[in-house]
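Per-chain residue numbering starts at 1, and chain names A, B, C and D are given in the order in which the chains are listed.
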Amino acid sequence: MSVKTEMPVAPAETVPSLAMVMAEAERRPEADARQRLTTEVLLSVEGVSLSFGGVKAISDASFDIRKGEIRAIIGPNGAGKTSMLNVINGFYFPQQGVITFKGEKRREMRPYFAATSGISRTFQNVALFKGMTTLDNMMAGRTLKMNKGLFWQALRVGPAVAEEIRHREVVERLIDFLEIQHIRKVPVGKLPYGLQKRVELGRALAMEPELLLLDEPMAGMNLEEKEDMSRFVLTINQSLGTTIALIEHDMGVVMDLSDRVVVLEYGRKIADGTPDEVKSDPKVIDAYLGVSH
Amino acid sequence: MRKLLGTAVIVGLGLGTAAPAFAQGEQFIPVLSYRTGAYAVNGVPFANGTLDYLALLNERDGGINGVKIAWEECETGYATDKGVECYERLKGKGTTGAAYVSPLSTGITFALTEKAPGDKIPLLTLGYGRSESRNGAVFPWNFIAMGSYWTGADVAIQHVAKEMGGFDKLKGKKISLVYHDSPYGKEPIPALEAFAKKYDFTFKGIPVTHPGVEQKSQWLSIRQDRPDYVLLWGWGVMNGTSIKEAAAVAYPRDKMIGIWWSGAEPDVTPAGDGAKGYKALMLQHGPGQFGVHAEIKKNVLDKGKGHAKDDFGQVLYNRGLINSFIGTEAIRTAQAKFGKQPMTGEQVRWGFENLNITEARIKEAGFEGMMKPLKLSCTDHQGADLARVQQWDGKEWKVISDWYTADRSVLDPLVAEQSAKYAAEKKITPVDCSKAG
Amino acid sequence: MLYRETGQFKSTYSADMGIFPLRQDRNALFVLLAFAFIGVPLLAHFHVWPFGSEYLLRAILLPFLILSMAAIGVNILIGYCGQISLGSGAFMAIGAYMAYKFGTGMPEIGLPPLPVLVSILLGGVCSALVGILFGIPSLRIKGLYLAVATLAAQFFFDWVFLRVAWFTNYAPSGSVSAPELNVFGWVVNEPLERYLLCLTFVTVFALIAKNLVRGNIGRQWMAIRDMDIAAELMGIRPFFAKLSAFAVSSFIVGVAGALWAFVYLGAWEPLAFSIDRSLQLLFMVIIGGLGSILGSFLGAGFILIVPIMLNLVPSELGVPLSTETISHLEFIIFGSLICFLLIKEPHGFARLVTLMKEKLRLWPFPY
Amino acid sequence: MTALSIAIPGGIGAILAGLMFTLLRGDRKSAIDLAVHIFLAVVMAVFLAFLAAKAIDNPGGFLEILVGGLLSGVLYSLVALGFVLIFKASGVFNYAQGAMVLVAGLALVRSLDFLTASGVATVVAVPLAILFSGAVMALCAFVIEKWVLRPLLNQDGLTLFMSTIGATFVLEGLAQMVFGSEVYPLKLFPTDPMILLESVFPGGILVNKLDVWGGVIAGVLVAALALFFQYTKTGRALRAVADDHAAAQSVGIPISWIWFIVWLVAGIVALVAATVWGTKLGIQFSIVFLALKALPVLIIGGFTSVPGAIVGGLIVGAGEKLAELYIGELIGGGIEYWFAYVLALAVLLVRPQGLFGEKIIERI
């Protein structure tokens, strides 16, 4: 075969490192929350505007996400939250604005570039690979880290098998962490919603992202499931140091989890700050309760 | 994978349990035909003729010299792979296997040419197939009896020349060939190109894609080009469509000459009046009812055992009769040497190679008026170069020419060249015909 | 009771990642392969019914094996990567004609005739290259639009092989015949030898296909199939995943085409690889089961054998029907069967097998 | 060639290349897209410039081919229309449309033969035969809706497509078994040629009367369909179903009835196509191959657009005839076999939803 994969080569040690950290995380879920916070900006969007035809989805929005924090994006329905995530990981191209990720300025993101530079995400309406098993879904998240060519895969000897097993180990760790061992070989299309959300989180984690975008991870869950999911989110943030941007409607969850909150309404930013600041901002209250003048 | 095996076994069972119930000592002849699809209009009458003559031999004479004939029809749909499947299915049946095979498709003929030597089954390709297979030294198993496409091309040019008043008049003229874009339609091209060089006329090939119902642009181009003559190498529905389109662009039909596969009733009737004046070659015979038809009517049709309907006595029905006649005569010839029993394919091949159908025999079998004597040999698997031209007058075919004999001085080198090329490609050592017996 | 997974523990990931994690499945495969490679030849050699007849080998097993292989190729593209193609026939044709060119040599560029095995594989390589080229539109066109767009490849190559005389070594009729099948000095001629050659090819390619689809690239294909946008955001490049599927698929289909021409037909013309062949292959993978290697075999078996059986049965049973009626009935029954199967099990035979296995696993207890 | 015949095409080509290019710049594209588009723009421009040169060389001949091509394109549209109706209303890509033309045609011609043979006057026989074949099409629509589509509701497009291929086999087999498998001539319209503008161009421009009739009939058919969709209750319900099955169902539109109706309408369109094509070719099995000719027409026009089917047909008809006669000459002929498909592919590369299709916005 003349086709060769051109996967970027992952340094060998990153692979076990995640596994080790995950093991750590399970032992020591309560880390010092304040220590991880820095002022280093991981990603910033400046003056981003996005429209479809004549409809403005986002207009001139700017905010940043600092390394290590949990950043919540909230707002009423149709405020442009999901569109913002789509801009950040390159699915939509904004008409105006600049996106800076890890110090690199770009007019627009490209999905593949976003993925390789360490952004991964989950989706509002679960976007799993429905015909594949849980294991395969999560293994698909490892694609960027696998680099054996078609030839070795076709023969499935030596290097390809070794690689497969190495990554399988990592994924198995994640499966243990997310407590989904029992559905390892079930096609995800057959799973209940709550579990699908969890698998999707696992798939995003398998990419070992620096920035994890979570689009309504707790939508449609009962209290118990929400608690589980919150636990996972915190553990990921604290033990792995993964920066998280989160869209969520449950204010209780947002206030408990996030370090800073940005509020959007009709595509505009109306507030930005710590949960407490935002909570007391009259504009936010108006946006949520409706303006009563 | 397990299911697969199961299926295979079931198929096997199906084949085996219904093992052929042929009585001892029958001569088996497979009939590859097509009664459905785009080519059925021509396939049906030919198949009917083929079958009715075999039935006649059984009903009247109890077979060939007392050896009953058994046959089975297999629908190929004019498709090569189905043809090969039919061949594989039928080749081993009967007491001695298939006596000979007539694929009635140039494509299937090409595929079977590769298989026949291994299976030792002769191919009878009456007026179609590989033109170079006339050379029996290289193609010992192919019998392209009575004529090849090259013969047809030659006769067509001769007729054009005659209508124009001599070969010298061909100089500078335009002759176009509207052909079925397949091995069948392409066969005459090298011959026509050779003639174009020899007589200095402009030759242009205009392909028509299978199945040939869309010919508007071909005929628009003919209208703009205004060739002096158009030769037609069509089959199935393509023929009728060509004639209709010619009428639609007002190209004179009497300047069109079809090969003998484009000159039957189903080709002209759909065009109605538009076909009036259209000419076509005759593979020696035309339509009409002769001695053999009376026999078939008496012994087969009246007993309700025949297939013929309106096509009784039509061009392609008659060709089917001739096809079976030549095939069974080869078996008869073989029986004369090997004894009155079912012949193997190898013996039938000998029969073909030593076939000599004389005037007397033709008369006796009731084919007088349909064909001329035919003698095949190791060097010549074609045996005849004769053809006439007929014209459709709106109601029936009228013979409008004398017998033409193809000019072998042009064709033989082509045969030699192409068969040598084939032999080289296939690493075949040509049979030494002086030693063949 | 024989079909149980209890007690089969896996202590390594590689054991868990085997093609058939269950011992019973594995054994069944070995038995089947042993039968196909050793049993059939022995039975045929001793003329044990029904393997004694050439018909079974030449007219059923041979096309079955070759078309199964082509179906595997098509399944990779449609079933695994979700890119509907109606141009598989063209890729078979490219494999066949290029193998023919390599096998008979290209004096224009000073290339001598190559050994037949090399030619067949090179035919597949050419097919893969063209596959990549015609895969490019798939980056932009999706679903049924893509399906019809692939017809462009089908019709274009039908025409190319009719019109460009170079591909047919300037044969006047445009029909070409395969060179001698000489595999490392072994001249493949007898039906049994042809069968073994094809069987080897099919086994090797089925294994390769299976390896690919359960590996990283297979996951990329399926990810593209199930949710192409999400896949892209996961770092799976549609460009690479789709084109590699086109390449691998066309390669396998091309090799199958070369075998179809060289081993089954012997002599062929472009009509042997027409749109009908493409539709036939599409039927095979859909009836057999999209996204299943096993399904490719089942589908090929069904689509190939049912019409032959329908055609055979009346004459073998002595039902007095005319060839015409049989042929029409064949159409009607075949079409109805297809509709029936699609309605009863839209996921094909492969799903039925899975369901059967699940039942068997629980047997004799229903739950 | 004169200087003029080089300059004018050159100019046209340059303008077209620029036009194509600006057309493509509106949307954001990757580098591959850009390369493909430049390539297409250049090829298109060269092709059109070449045609312009030919047109200048021999205007009469060019016009004749163009008119012939456009008119034969209308005949493709007649078949494509049926596809569009069904795809619009039920999302089914109906491969059986060609077979439906065959069934309608066979029913028509056989009943007509039967009636005339039993002494019924033509004036009476033709409407009777049309009624009969309409009834046959209704039966087809009923059976397909009930036994194929309804059980397959909610399956994906590919499965539905395959099921219509299955239906194609059944229809082909049944129709030929019931009505016969020969070529049956049909003569409803005049087929003789007429020469136009003989005073302007040497030899005049040959137009076949049947093609003109085809054009008129297609026009009437499209007008009738437009009226039906616009002004009847069923027509409005059809449009609602086409927009959104579930929503239409929720406001009480009976979906299976609507599907039956739409298949029936497609059947009638097939019957109309059969009258024209049958007069041209005779009613015969090969009519089913028309389905393959209609596919590129659909792609170019867009699967869901009735005007698209007509414009697509015109583009395909004119394009392939011009290509065949002018370019086919240079590279061996027969290129109309694939030209329409390659053209369709090129259109899709620029507009993945066809010329008149609705733009697809991807969401996640």
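A few notes on this one:
Quick note on the criterion: a residue touches a chain if its C-beta (ideal position, glycine included) is under 8 Å from a C-beta of that chain, and two chains touch if they have at least 3 such contacts.
Since the model is a prediction, treat every value here as computed from it, not as a measurement.
Touching subunit B and subunit D together: C. Chain centres here are C-alpha means, and the one lying farthest from subunit D is A.
Among the chains, the centre nearest to the mean of all shown protein C-alpha atoms is found for C.
Note on chain placement: the centre of subunit A and the centre of subunit C lie 41 Å apart, centres being C-alpha means. Subunit A and subunit D, compared by their mean Cα positions, are separated by 48 Å.
Our note on geometry: subunit A versus subunit B, Cα centroid distance of 72 Å, whole angstroms.
Between the CA-based centres of subunit C and subunit D the separation comes to 33 Å, rounded to the whole angstrom.
Looking at subunit B, residues 35-36, 44, 181, 207, 209 sit in touch with two or more other chains.
In subunit C, the residues touching two or more other chains are 159, 162-163, 229-230, 233, 324, 328, 331. The multi-chain contact residues of subunit D, meaning those touching 2 or more other chains, are 176, 181, 332-334, 337, 364. Per the touch definition, subunit C reaches subunit D in the complex via residues 78, 84, 136-137, 139-145, 147-149, 151-152, 154-156, 158-159, 162-164, 229-230, 233, 239, 275, 279, 282-283, 286, 324-325, 328-332, 334-339, 342-343, 346. Within the complex, the subunit C residues that touch subunit B are 28-29, 32, 35-36, 49-51, 53-56, 58-61, 63-64, 104, 159, 162-163, 169, 172-175, 177-180, 189, 264-269, 271-272, 274, 276, 294, 297-298, 301-302, 305, 308-309, 311-313, 315-318, 322-324, 326-328, 331, 349, 353. Chain contact summary for the complex, subunit D toward subunit B: residues 58, 61, 64-65, 68-69, 72, 176, 181-183, 185, 187, 191-193, 206, 208, 210, 280-282, 284-287, 289-290, 293, 320-321, 324-325, 328-329, 332-334, 336-337. By the touch criterion stated above, subunit B contacts subunit D in their complex at residues 35-38, 40-41, 44, 181, 205-209, 211-214, 216-217, 220-221, 223-224, 236-237, 240-241, 244, 247-250, 266, 269-270, 272, 274. Partner subunit C is touched in their complex by these residues of subunit A: 1-3, 5-6, 89-91, 111-112, 114-116, 120-121, 123, 127-132, 136, 139-144, 146, 148, 150, 153-156, 160-161, 163-165, 168-169, 172, 203, 207.
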